[in-house]
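Shared chain: subunit A. Partners: subunit B in the first complex, subunit C in the second.
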Partner chain A sequence: MNKTREPLVHISRRDTLPWYKAWGIRAAAIAAALVVCAVITTLLTGENPIEVYAAMIDGNFGTSRRIWVLLQNVAMLLIVSLAVTPAFKMRFWNIGGEGQIMMGCLATAACMICLPGVVPNWLLIIIMVIASATAGGIWGLIPAFFKAKWNTNETLFTLMMNYVATQLVAFFIIIWESPKGSGHVGIINADSQIGWFPTIGGNKYMLNVLIVAVITAAMYVYLKYTKHGYEISVVGESERTARYVGIKVERVIMRTMIISGALCGITGLLLVAGTDHTITTTLSASRGFTAVMVSWLAKFSPIFMVFTSLLIEFLGRGASEIATDFGLNEAFGDILTGVILFFIIGCEFFITYRLHFRKSAAHEAKEAAENV
Partner chain B sequence: MDSGKIAAVQMRNITKSFGSVMANDRVWLDIYKGEILALLGENGSGKTTLMNMLSGIYYPDAGQIFVDGREVVIRSPKDAFDLGIGMIHQHFKLVDVLTAAENIILGLHGEGKLDMKAVAARVREISGRYGFEVDPNQKVYDMSVSQKQTVEIVKVLYRGADILILDEPTAVLTPQETDKLFAVLRNMRDDGKAIVIITHKLNEVEAISDRVAILRHGHFVGDMPTAQTNAGEMTNMMVGRPVVLNIERPEPKNAEPRLEVSHLTVHDEEGVKKLDDVSFTAYSGEILGVAGISGSGQKELLEAIAGLHRAEGGSITYIEPGTGAREELVGKDPRDISDMGVALSFVPEDRLGMGLVGDMDLSENMMLRSFRRGRGFFTDRKAPHQLAERVVKELAVNTPSIETPVRRLSGGNVQKVLVGREISSAPTVLLTAYAVRGLDINSSYTIYDLINKQKERGVAVVYVGEDLDVLLELSDRILVLCGGKVSGLIPGRGATKRRVGLMMTRLGGGEGDE
Partner chain C sequence: MKKFLALLLALVMVFALAACGEEPAPEGDDGVTKENIKVGFIFLHDENSTYDLNFINGAKAAIEALGLTEDQYEFRTNVPENEECYNAAADLADDGCNIIFADSFGHEDYIIQAAQEFKDVQFCHSTGTKAHTLGLENYHNTFASIYEGRYLAGVVAGMKLNEMIANGEITEDEAKMGYVGAFTYAEVISGYTSFYLGAKSVCPSVTMDVTFTGSWLDQAAEGEAANNLINGGCVLISQHADSMGAPTACENAGVPNVSYNGSTIDACPNTYLVSSRIDWQPYYEYAINCVINGEAIDSDWTGTLATGSVVLTELNEAVVAEGTAEAVEEAKAALEAGTLHVFDTSTFTVNGETVESYLADVDTDENNEKETEAISDGYFHESEYRSAPYFDIQIDGITLLDTNFG
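So, the complex of A and B:
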């Protein structure tokens, strides 16, 4: 036997898997992730993993208030993910969601602080909507304009715009600080509640959740059924094809980034006018970056994004819950989150590719016998 | 044939599938020393896949490979090199800024100090032995396509390959260059090397090969000495049924000027002149063939007409049928041109990179041309879907469904989808670039047929091609480009390959020595 050994494994691309098999693989990945997390938990902390998982669920769903906070966080993460998605589908790497949100926050806060008494409340809210969307849209348009005209790198450009936006907010916080010298803006219009979004049924999160639900459906339709959505797909797949069929690529890039930025701006509006009623430099809580992952995990499908943003928020909230419940380091929760994400992202490999293992001699003989 | 042939490679029961597609199904193939084997088959018949398994790019699902009678496992291109197997791919893999010699030794592990002089000497020695013309110190970016190919071949020989595989080597060469390549291949054969050449051109198979092996739908159909077969038989074996091999050329009817190009000058992105003072007129009901060595400005010519490439000077005038109204196309983009009502269709060279979107399905690709129709904000999905169904039916596109991404179709079917879409809009001008490149005989003839039908409908067809035999048979007139200039505009009927070949390499073809 002179033969060199056959490789142990070789990889080949799969045909499209039926959906139930693909979901079966994903479910198996999550189950495997939970088992690995359980082992890690037992080995590192000695806690009962079932109790740890129970705490995670309790932290998210334990009380109706917790459920509402979860829903609000999911909604906020979801809207930012939806915002960056058209840009990503166009292969425009908008990682400037953070800055665009901050600009939306800034515009909203400016209206709430400067305009009471000048215009009636209903008009103020309309102005806030327009101002926040415009501010975010401009912040998205700037890198898109440079990309369209001079083909600058949008990744660096949008990233840098984040820092500019954060510094602008920091600057205005000092101007608007209240009480003076505190370094905080405090609750804006705490007594008059001018510019605050109305609560529905006494629940201050309800309106935000509803708005985001509508935007999710709208984004789904926009990407899937409209001429704009089709143009975005073509530009993303191949700019040369787009030019060949007469799509004005520069215009699509700029238009899409205005939409992307404007939605981020609206997120800022929802945060400032809807829930927090103040402005800080950390108000967006890095959602502009987390959204990149959420959007990719959902493969840019607005409907799947509901689930991926829920997953990310669930893991995040669960992690801090077990940190407090079991007196563990906050980092421990992050370890579990990391393991779970690793499995979820890693399983996509098995959905796309198939592994062929080297067959043992006995098995091969058996197969040969069957074939005869 | 003598029975004393020594097998260099024996492939036994080689099977390879991609998803549900069986690219190779229990294929047997023998490759002998001192013999040139032509591997024939339609697109998607598994020729390239089979050779890729020999050169270590793919790994077979099942089957055995013997080299010099010994069973081997080829896991990587390096394994293949160690066994003396070298493959020259269709797309060259050279570093532009390096010299020939530097490219040749790239990736080799030498002992001690690198001695470029010795490398150059050895390159010259190999070149001399087989009759190559290569300057080891020339930079790749200064080379013509055929010189680059020569470097690829020398690279493989330098590594000591005894078994050479060439994937469609003549697709990019002029007739004169092809003759030179064939002379070199014969020298290598006489030196005892085993050579496999993948090609679609049957006249070349007859000219160069000693034996042909034919694949069809991933199966090995048969092999025989080239001398004992003919083009008709080979085609029938490839296709699996008798095929008539001739291209019709009806006389143009009611020819009237449709497109006037005058003094057109075009630069590329780096400011290099690609078209220099080009003038011609394309008539309705006529096929105007465009010949030239690749990179002589054909691409820029079509793209300038289609509004995809800026013209530095000159004019392109469209003359409307019926009214005779004249429209200037220079300075317009594709959108403007279609808004002006100019029914211009363009089948570009780069099918999946420009003509179609690979990841979109057939129906979405049909939409590319029509999605802007209608006033609404939403796209109409029904009409493109119906068009896709019609194209699939009328052009016999082999696809699992309308919802299949076009990337998954074979080359011929991709082209049918593209051509089908482009002619569905009832054009008055049809531009085609290398419409049959990489297509098998059967698909090629389908495309020639479609183009001829457009001509009979009164369309002005501009056909950029590389296969001179076809150009000479299909075109009513032939425009020959040489280095971006018009080298000649001659009637297709009665033109000879030699004459066009000379015009491609020298302005005017050096009429003196005709």
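So, the complex of A and C:
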């Protein structure tokens, strides 16, 4: 027997778990989170937790309208998550999604307000697509350019670009506001519907959902099977290696951020021309930040992002349904969302590491005997 | 790809079928009774904003007064001014609401959108401007003649200034008030002008400085604005913004304050004078009763002192000048009787001249054309051609230190 005291627990890195075990841990975490939430609900509000969960499900899937709204929200969060992912894979922390979306919104709204009567509607929509992608792309390129040339800190840079974009939008809202002095743009081209995306089968969300589905597949292929995608992962793993094998790192950074920003810009397009038909400084609804979490939770995999964005949107909508049904403040729903996210993010620790508990002497003896 | 499309089509059909199946059987207006009516409310924020709290309290009071049960109403809080507002309204309609209220200016377009789709449901939007020209039968606007309440609050302020002059604390020329506004919009201009005219009706030498914060809710900016006004020589402060910033700054500086949206006496016992606010309960009750009785709701309803929509909170007897209650009662009676008009053109001038004609922007149109003659019979007819305020004249005696349109 040696005398050194072994700590009660020690932690070591696991080998990669087989996928079913990893997902088993995740499922267990969600189950545990639901139980904790149930206890909190009963203790704090006296409501029946089963009813609370039923309300969450009803809030998301209760009517066909709710299902469509959920699909739309998932699609919008998903496309932003897809947009920031290539940058993240390259270890470029783009938290400027918000600003890039706003620039896309701004470009789209500008086209819808200034161009009707100048060009036919079909051409206008094409111009809107190009303008929004370009605006978002430029907003992504600016910090990438400074990073590539002078190694500036992209986290701060992209973050600050958000505020610039928001203020630009605020400025133009004052120019376009209707009625004057109201601070609101109102619905753009409400009567003529010029520049509005067509509805498919009378459903205004269908087109957005389809577009995002196509982009999801395209992003999957882009990251996994193209030369660009490979270059991004190499730069992400090690910039030096990338340079050594002859990848032009500066070019990859700038190119990737243009794609990242352009996709955010397209999100702005879908929001303004596809559904909301107006512009406000809060139109992106912090999706640029939520997307960071969605992308990380999904380990940068476009396919898993479908599930993580569904999860986040489900929790968010469920939270407000709870607030409505039980007369609780919306903050209560946020508490539940917080608990669930805590468990989900926390379980990643147990997937990556394993805990070794100190074994009791008796146990050790038994094990020793078995090993003989 | 074909398979994918086929799948999608199948999905769409399922949803479409589901949608058909769920639609509640449209009932005639006659079918709605007090026992089965369902009311929906949409609020921009929740109880943490004094603005929404005022609406929520009004809604709760109306529900209680009508005796509705818990499953006869639904509150949707934190509904932003975008597509989500339409979704919330449509969702409430899906849930069987017969009448739906929304409380924020920016909700208007989305509520109209929902009103166009759900013809059997009544939609009532506070502070909006479009119902009176839109011609949509189930869409209605409402506001209150809060300028009358502010005028009365101004009388309280004027009495206080008179007391300060009589006590020798200030000279007549030093009777300068300060006003913290949110934005340089008609709603705010109408508010501070009526407040100023109320004060001037009892204290003729009064002047006023106005500054804008550019936000409806910014505690720090409102406090700083109040402090700037006080440092600039203002001896009494009022505000039209939703935080405790200005009242608290006044309490710390010992400067009398006229509040808005509700009493601040608990936090400011030594400086709070009075507060004006809109009570939404009368409108909620009126509109809900219309639906129950199968009557049409006014497309544009203005609450007044007489309907109980415009109210003053209790005077802070410890701070107000002697005789204030009587002066307020007198002015209130005259306003209600129609012998006194807040924007009487003989009581104010613009560039030294009496205003005899003014075109106001009452009807919403793309060019913001000022089309309606608002002055007749010797006064500006505020909130008569439409419930939301449209008085936006800059009158003499009030100095704008800055402007802020957002």
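In this section, the second predicted complex is superposed on the first by the 368 of 372 C-alpha atoms of A that agree within 3 Å, B and C clash if a C-alpha of one lies under 4 Å from a C-alpha of the other, contacts with A are read in each partner's own complex, and residues count from 1 in each chain.
One rule holds in what follows: a contact is a pair of C-beta atoms (placed from the backbone, for glycine too) under 8 Å apart; a residue touches a chain by one contact, two chains touch by 3 or more.
For clarity, every value in this text was computed on a predicted model and none was experimentally measured.
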Three-chain arrangement built on subunit A, subunit B and subunit C clash or fit: fit
Touching partner for A:Val245 - first (subunit B), second (subunit C), both, neither: first
Which of subunit B and subunit C A:Glu177 touches, first, second, both or neither: second
Touching partner for A:Tyr163 - first (subunit B), second (subunit C), both, neither: neither
First, second, both or neither for A:Trp23, with subunit B first and subunit C second: neither
Touched partner set for A:Lys227, first subunit B, second subunit C, both or neither: first
Partner chain in contact with A:Phe357 - subunit B first, subunit C second, else both or neither: neither
Subunit B, subunit C and vertex subunit A (Cα centres) - angle in steps of 10°: 140
Partner chain(s) touched by A:Phe61 [first = subunit B, second = subunit C, both, neither]: neither
Subunit B versus subunit C as contact partner of A:Phe349, first or second or both or neither: neither
Least Cα gap, in Å, left between subunit B and subunit C after the two complexes are fitted on chain A: 22
Complex contacts: residues of subunit C adjacent to subunit A: 8, 12, 15-16, 18-19, 22, 46-47, 70, 74-78, 80-83, 87, 90-91, 94, 105-106, 108-110, 113, 129, 183-186, 361, 364, 366, 368, 392, 405-406
Partner subunit B, residues of subunit A touching it in the complex: 2-7, 10, 12-16, 225-231, 233-234, 237-238, 240-241, 243-248, 356
Residues of subunit B that touch subunit A when the two form their complex: 17-21, 59, 61, 70-73, 75, 306, 308, 333-338, 346, 348, 350, 353-360, 364, 367-369, 371-372, 377-379, 381
Contact footprint of subunit C on subunit A as seen in their complex: 63-69, 170, 173-174, 177-184, 186-187, 190, 201, 203, 206, 210, 275-276, 278, 280, 282-283, 285, 320, 323-324, 327, 329-330
